[in-house]
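A quick write-up on the structure given underneath.
Chain IDs A, B and C follow the sequence of writing; residue 1 opens each chain.
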């Protein structure tokens, strides 16, 4: 059987809304990222812009398994994570444009999206630096004795940095309810993982810390969801951490300033991976299971287009922060 | 627009000035830069320029009158402007004698065209070094920093210097009464200054005196030879200036100023040459005398002396000497002792060159001899130091070829 | 009033704040079972248990980050670096995370954390264990930096630091832990950002902080006795924000200033003090401001060389004489 058929058999019509929700959200963040790329190319977004295109299933599938009171930490490729956590696309697009209406009031930018109300706690630019921070949230949860979990998204290139190692050791040692999700998109900027890591399988590292781990096909939103649900349960009930390795792929370059392919990966490889596109896969699966038809899909895409259009227009028309904002929020006094 | 004409501080030590003559009269049109009057200062006759355009509407201080620095002497304004308010402030009457300790004069906002050096601030004109605090206090008290000697590093004026300058010296009162048949001659500015400065010098400075007799035969021969060969007349004094300057290079201890809490030893040598003028004396300065040729010294001395007699010396031409020479040889004075020009370390008094019977190479003969007496500030120079300096001076005068080194 | 050590003053501060606020916890190497590498946390594990007095592996970057994360979700961590020399490993968390979080998030996420530990030189600990990083942290907007010199200041300032909603770098000193001083029994705090005049005088201002306060006071005693100069000794207490007001007030009275500091001279704390004073109090200055600092070298091991590298009362006295124009 083809993978699509395989999935079709596993779909439960009673959860049709759930599946549509996943699909819708994947399409939303895909379109959002594509429009952000356009805006960057037109000079409306400046600085760094790291796009998530191709990886949608990881964030979409995993964040669907969380509660609003869980804590989410991400690195700098986090536009999708913020939107999926519930931050309005308008607020994210405005932040990318540096406007006062952005979710970080124009002072963070693409790499520092924050939405404290929705427990989306950044947006961190130094590779691996937010890994211990997420474990700190786990520590707080443990001290307070609640059943929240802390979740940390990072790329596979971050697993070679000291902060990863120090954190996973302490998270396992102290049993912190934290889920560490490694989005292995195979390339740390221009360096393939096999050139950077002595051990390719990221999840194997967990045994150094006696920590539970799982590897999952990151192009399959439903599979990601299931693995995440298990890890979250382990965190809530057993108060134990998990390392998840989600194997995925990014279609764009490391950032808008980096080549899409060339020296470090071939165009052929890119095309091969695109054939495994997560959105197409879920669409096919739903279609095969008769849970989705062309009209509904078209309507959904139109809605999403309008929503993303609106976000772009909102961002363009929003004002820059007041110059006085330069000096606000340095300290809280 | 009304421009007040005020008595300006035209020399570092000037406290008051006398209008020698007005060159513009009431009603004359004047523009900025025009010379309004000649002012007699404590040192020289200076020009008082107009600082604005208009008509010289009123002369407040007449020719022959004296007024303190900063006081109003005249008013420039438009032909119809009301100057009543300005003139009402008036100038000051000249006071006979000085019974009260003079306060520091009102600051003059304008400086003379040539750059002024503060007395005691070392060679070279230009910026006055003062700490920010000293400047502020001086500004508040209306004290002209050019009148203050700095005791800080590199002559920096610091607060204690400003404090000291604001403490006025006690003044003498005129004696009451007296015998009949006398005439009071008002002091000229020059006389006042000489009196003040040299009184200040003799009392506090512990003078001692060293005399040496110099055989001038060879010097005379050299002078004759030079004058025969050249077109500029070299005098004996020129030779003395050059020799003293070179000797000071070798005896740096004598090329110094008393600074109060330190002795300032100079790297350069500037010789003050006393020149007699009608009203008294003044010492124009030959700068870097050690490096100048005899010819240059002769020319410069001649020029400066002429300017001195014409009362046209500029402040930077009569300040900044590190050592002085006074020569009364032309008056047949055999020897004399001079008073040190503060804050210098010493002064050389040069007597006449006289044929004198002496023992020379074992026989009695007549040779031209000159006696020079050095007055030394014992705080800076000790007997042996001064003596060694004089030995060098004598050696070089007796063997003038040494000048060539 | 009881006389206690600086160490015990810190201990009391931690204890009182942890009793008062259940979100306060202490984390670091040897803070629990070992009773603290310098015994600052003696007895705390017994009172508060292992979830609030947390022994860590040697992983400064890791546990500093954990502290930041806990602070971001509403706790008040006190992260102990066994010495500030090791904090270099964690400086990314202190500067890039803690200091900047509030600003980057547009004011949404404060980080109420205290990083504390002994800094600067002790005795013959060698080059890597003797550095004073005061100015490295004072340089960063978003941080507050505190350096108490006495037991009284240590307790009051640590309590305030813990209650402050901002990341605070709290610089203690191994050589200070045994210092004794009077500390009130009743509750008190000292506000951050306020300097303290430790000795009044009107002839020269001596600015100091942390270990150099003792140096300054010794110098002041001898300046008064032997040199006729009464020094106004100003202890900065907080390095960022700097209490320029108190410094200016002192300089206005004395017109001359010497700064004595423990760190290296280039870009040290004293350089900032000089800049603030020359810029804001130029006309009060009768002399340039002189600084007495550690020698511009890595700290040597030999006892005599080390002593020669550290600021001394003799150096302060010489500088004071120069700014008073008693010497050139």
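Definition applied: a contact is a pair of C-beta atoms (placed from the backbone, for glycine too) under 8 Å apart; a residue touches a chain by one contact, two chains touch by 3 or more.
Not measured: the values here are computed from a predicted model.
Between subunit A and subunit B, the least number of touching-chain steps is 2. Of all the chains shown, the one with its CA centroid nearest the global CA centroid is C.
Distance between chain centres (mean CA atoms), subunit A to subunit B: 87 Å. Note: centroid distance subunit A to subunit C, computed from Cα atoms, is 41 Å. Averaged Cα coordinates give subunit B a centre that lies 58 Å from the centre of subunit C. Taken residue by residue, subunit C touches two or more other chains at no position, since every residue touches fewer. Touching subunit C in their complex are the following residues of subunit A: 71, 73, 102-108, 112, 114-116, 121-126, 129-143, 150, 162-163, 165-167, 169-170, 173-174, 328-333. Chain contact summary for the complex, subunit B toward subunit C: residues 131-136, 151-153, 158-160, 261-262.
Residue ranges of subunit C in contact with subunit A, taken from their complex: 25, 51-52, 54, 56-57, 59, 61-75, 77, 92-93, 96-97, 101-110, 141-142, 144, 165-166.
Within the complex formed with subunit B, the residues of subunit C that make contact are 255, 282-287, 325, 328.
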